[in-house]
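Labels run A, B, C and D following the written order; every chain starts at residue 1.
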Amino acid sequence: MASEQQTPLLEFRDVQTFYGRIQILKGVNYTVYPGEIVCLLGGNASGKSTTMKTILGIVKPTKGQVLWEGEVINNLRTAERIKRGIATVPENRRLFPHLTVVENLEMGAYTRNDASGIAEDLERVYEYFPKLAERRKQRAGTLSGGEQQMVAFGRALMSRPKLICMDEPSMGLSPALVDQNFELIQQVNEQGVAVFVVEQNANAALSIADRGYVLQGGRLFTEGTAAELLENPELKRAYLGG
Amino acid sequence: MTAKTMTRDGRSGLHDALSRLPGWVWWALAIVIAGVFPLLNVAGLVETAWLRVGVISLIFVMLSLGLNIVMGETGLLNLGYIAFFAFGAYTTALLSSPKFGLQWPFLAVLALSALVAMVAGFLISVPTLRLRGDYLAIVTLAFGEIVRLTITNLVPLTNGPNGITGIYPPALSSSADRGAGGLAAWLVIDKPVEYYYLVLVCVIVLAVLLTNLKNSRIGRAWNALREDELAAVSAGITASRAKMLAVVLSAGIAGFAGSLFAYYSNVISPESFLFMQSVIVVCMVVLGGMGSIPGVVIGAIVLQALPQIIRQAAGAARSDFEVYRMLIYGILIVVMVIFRPEGLIPDKIFRYESHEVDPRELERTRQSLFDLEEGEKDLEV
Amino acid sequence: MSLDHIVSVTIGGLTVGMIYALIALGYTMVYGVLKFINFAHGEVFTVGGYVAAFTLLAVGVDADSSPLMLAGALVAALAVAVLVPMVLGFVIERIAYRPLRGRSRIIPLLSAIGVSIALQQLIILIFGSKPVTIPTLELSSASVGLFGVRIRVLALVIIAVSALLMVGLTYLVKSTRIGKAMRATSQDMEAAEMMGIDTNRTIAFTFLVGSALAGIGGLLVVMYYGSLKYDAGFLYGLKAFTAAVLGGIGNIPGAVVGAIVLGMTETYGVSVDLGFLAWFVLAGLVLGLYVQMVHVPRQRVGHISPDRRTPEYEQSIVNVYRLTPYHGVRVLMAERTDALLSVSAAHAMRLMMGNVFLAAVAAYMFVNASARIDTRWQPVIAFAVLMVILMFRPSGILGEAITEKV
Amino acid sequence: MGSVLELQDVSMSFGGLKAVDTLSFTVEENEIVSIIGPNGSGKTTTFNLISGLYEPHSGDILLKGESIAGLRADVVHDKGISRTFQSLRLFTNMSVMENVLVGMHSVTSGGVVASMLRLPNVRREERAMREKAQEILDMFPGRFSGPRQSQPAYSLSYANRRRLEIARALASDPALLLLDEPVAGMNPAESHEVMEQIKLLREKGYTILMIEHDMHVVEGVSDRVIAMDHGVKIAEGTYDEVANDPQVVEAYLGKRAADATA
């Protein structure tokens, strides 16, 4: 799927970030090629969430470069990044609980101005998740966990992304929902959208990913294809419960 | 130690040397200055007007020390604090003026004034202390205004806007003895210098008592509630009792100060108990440093005495002057909370609300807020 | 109470209520989005009234002005009454509030108080400390007959204009893009940022809208009463805040309902006999007794775990509520080891205190049935409503009950 | 008389959603029990119920046979349960020493007037408190020594803050210690140290109920493990029993994990 000659969709070059004086990312390098599923594994506080925020532009790197399709985007605003094709499914979904399903989906297309395009994409999301069409006027907070997950995915798709960043898709969810989530990721990926999954549950993530990075204490501990990582003895001990 | 090592962090050697002086040196110095100041007046070097400024400043020091207990130590913003001052002042005025022809003994009136304010503090704290910080601030504001409007409207008791006049000076003896002259006359406090020393002694005693209290388990309980109520409660602190104690104690101090104020100024009227006065005391605590006893003392003196000095020097009219003064106070609060929230003289380790938060904590905070803080209202249509 | 009295008092209450509502919306929107009480909002209202009044004075309108000139002056006054507060609100947010975002509640509140005080002094410095008074205009004194009562046209205009603005605001927040951004920001600021919403701009917009409404409120007050004092914003601001809390802060229709309720309470409070008001208090007492005697005990009994549920235990819980203070005090003193009983006893004491207070008030009112509350006490009514609502139902009449333990 | 803590059919729901559903378990004297389960399975709610932050809608909680359900958190603390929080909740503007001293609030008694006047009994108590606090801080060798004790808690490293929270909870000599994810966010070396610390506490006779995600720590210290999912206890037993329980594997360790390791 991914060829090395292609321009990477997203690239981190020696990115370092600080919160005050505390350094979180201590120089990390990632690349994501179009159409790939890449997972980022790591325990609590390894810098996963910060990576996520750095991709979205909510946190700005102190050093190093974030590149999007070969162009440095270190100082680009979040809205600009979304326009260029980055979307997110945040941890715990983070829907707007008092907004209706439609309104939540529309928030995903907030950066766009083409009413007809938005309407089209809305239809596309409904086709994708027929259940949401039934519930379109319902407040998001009243939906079941599985339906909320669909809204979160639908919301990300509304900006016509090239890359979806997925933060902890298994966090706090029942096994059935986790499975649904990973199936959704694969489904979305089959449409040609690259997915960057940040996950603690290494087994689940590696079972769908093409490649993976392992983060520990703000540094990359190891990286490789999913198959390589699954066989890595140290990883087995640390994350796979082996 | 050489001067070189002292200046290693780029500060001047003097500054560094000064900051190494133990705290009691500063206290002693302050007390000496405050104690000697009126002697200059006795010696004819300083006008009596300055002594009056001194007395009022010291009364405001007491008020600030009292407010600091709730605002600085316990973290409860009280915007109606001046109401307790009013309770003390009116209790004194009613018990020691021609209004009802009463002249109770000075010490009894002083104690009773503090007590009345404490009871008021208790009554208001019972239903309100469960409220969140910002709501509590507004409730106390409403309470302060209700008290003031009641004083203004309850003419038979308070003479309304005209106030109560002719409050007798504090006397340790009864009025009958005083007519006889001699020792009894000595026990009347009616000269500015005498008032000054009376209030100064009260302030010093109060500062010592409050410093002791601050460094006791009770002071720590207050601080813990200010820092994190949930954790404090989980560490065994009864929030309602500790907060109530803070409110009642601070009310008592305000009542006490109010009594001294009434005795000193001879006349009291609702004008002295406006919302603005509450804000002024808040301003003193913010400027000096919330939770810092020396800071609060300095804050009160700076904000009360300095404007008077400037006013006398500039010879400005009173009303104009008040406008500029309040304008500056308003701006001062904003500037302080933005740029130096810990105040001029911060409490020993106090760095109010300006932590560098470890993101590892941040990641978890949301979850925990979600767990425990219900009832946060979002915008709804 | 004759019908015409009721009509005129109701219209009067509705008019002030609508003015409170215009200001209350600013409080409620800012609180909804930032969870912060914008204490300086009352002063923004005053500034609106002042600049409008000075515009009218500058144009030189009086009772003899031609309709065209009058119309022109009003449009100009409206324009400045909207624009100046907007700029002011924007600047305040930028300078005094934005740097404090994310700090604990009382810090930005302190800043807001500072701004409020400073603004009040600035108004004095710029416009003087005397109330600004506009000439009597035909427009503001005209009246029409309604149900046999003379009603000022301006009162009806105020009610209509305010209602219109509120409908507009509801549409704005509910259906427009920026309105949705406001709601999204209010519900989850970080998630809103992840969607590409510029939350800073959204918050600034909230301040702009709130300030504009307050400015219009200022204009209407100047027109209605003919004058405005530099410190009017303090009382109007607090009343509007009361209204916002009364309706459930953060809730836009709630602010309007709360404002109308407050306006009515205030107006009726000083316009009718105590004997009439006493019935309302009595109704409150009946409700309070029902809560204490029936509702709460039933709830509490439901909390007893099944294995400890004996008829005696159930009865003792009920007794604590019904026979306080005797049982309550005894339980508090002697049986503090029993969780449910001691918690219930303390709770029962609080309820009882409230009911005794209500009974005393009702009794006083019936005894002095023909007396009226002096208008001097009118501000006290608003403050008392504020205290009572914050103490007993901080979520407001339209909000869901907030259940906080700790 | 046996169990230190006993939960009897405790239930609690938030707006219709059952966070804890008829949960029953016991913790025996000098035992370390761990609760595991996915986020949202009701673990922290259980802690909040035990420590008095929530009131159970039904069921009972007994501490040494005495009902504590529905008591206020400070009263529960007085009765002998102290806790740490998943999200750190230190008194950040107070010193390390003061944080520990606050933990002793309920076992000391100095009154207002006596404290203001610093009467001899207050001084004596204060001295005893500081000695005791010193003892507790010394249980973390090298972490809170000398001048560090008077530094504010915000100046500590993340791991030391977690340790200080444990120290504060120990200050009142609790009958039961609740640890909510004591090694969350720590690196393996730090986790290991805390693990040793917890073992040491058992030797000193403490009884501990703990929530933890780190399975190495759970395995290393627990006498018993309780697994929860959706507010219900789905398994209980030794670490090996629970870790191999198919329901636990499915709910917590993950089906795919099960497939992958199978």
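FYI, contacts are C-beta pairs under 8 Å (C-beta built on N, C-alpha and C of every residue); 3 or more make two chains touch, one makes a residue touch a chain.
From a predicted model like this one, the values you see are computed outputs, not experimental measurements.
J.: Ranking chain pairs by how many C-beta pairs touch, which one is first?
T.: So the chains sharing the most C-beta contacts are B-C.
J.: Which chain has its Cα centroid closest to the overall Cα centroid?
T.: Located nearest the centre of all protein C-alpha atoms is chain C.
J.: Quick one: report the Å distance separating chain A from chain B, using the average Cα coordinate of each chain.
T.: 54
J.: If you average the CA atoms of chain B and of chain D, how far apart do the two points sit, in angstrom?
T.: Chain centres of chain B and chain D, defined by C-alpha means, are spaced 40 Å apart.
J.: Could you give the separation in Å between the centres of chain A and chain C, each centre being the mean of its C-alpha atoms?
T.: For chain A versus chain C, the centre distance works out to 44 Å.
J.: Compute the distance, rounded to whole Å, between the mean C-alpha positions of chain A and chain D.
T.: Computed value for the inter-centroid distance: 34 Å.
J.: Could you pull out the residues of chain B that touch at least 2 other chains?
T.: Each of 230, 233, 239, 352, 356, 358, 360, 378, 380 in chain B touches at least two other chains.
J.: Give the residues of chain D touching no fewer than two other chains, as numbers and ranges.
T.: Only 39, 53, 72-73, 75, 158, 184-185 qualify.
J.: Specify, in ascending order, the residues of chain A that touch 2 or more different other chains.
T.: Within chain A, residues 44-45, 98 contact more than one other chain.
J.: For chain C, which residues count as touching chain A in their complex?
T.: That would be residues 177, 180-181, 183-184, 187-188, 190-198 of chain C.
J.: Applying the document's contact rule, which stretches of chain C touch chain B when the two form their complex?
T.: 28-29, 31-33, 35-37, 95-96, 99-100, 103-111, 113-122, 124-125, 129, 170, 173-174, 179, 182-183, 186-187, 234, 238, 241, 245, 248-254, 350, 374, 376-377, 379-380, 383-384, 386-387, 390-392, 394-395, 399-400, 402-404, 406
J.: Within the complex, which stretch of chain A touches chain C?
T.: 56, 58, 77-79, 81-83, 88, 90, 94-99, 103, 106-108, 110-111, 155, 159
J.: Where on chain B is chain D touching in the complex?
T.: My answer: residues 209-210, 212-213, 216-221, 223-224, 226-228, 230-239, 245, 249, 347, 349-352, 355-356, 358, 360-361, 364-365, 367-368, 371-372.
J.: Given the complex with chain C, which residues does chain B contribute to the contact?
T.: 75, 77, 79, 126-128, 130-135, 137-139, 141-143, 145-146, 149-150, 152-153, 229-230, 233, 239, 275-276, 279, 282, 286, 319, 323-324, 326-327, 329-334, 337-338, 341, 352-353, 374-381
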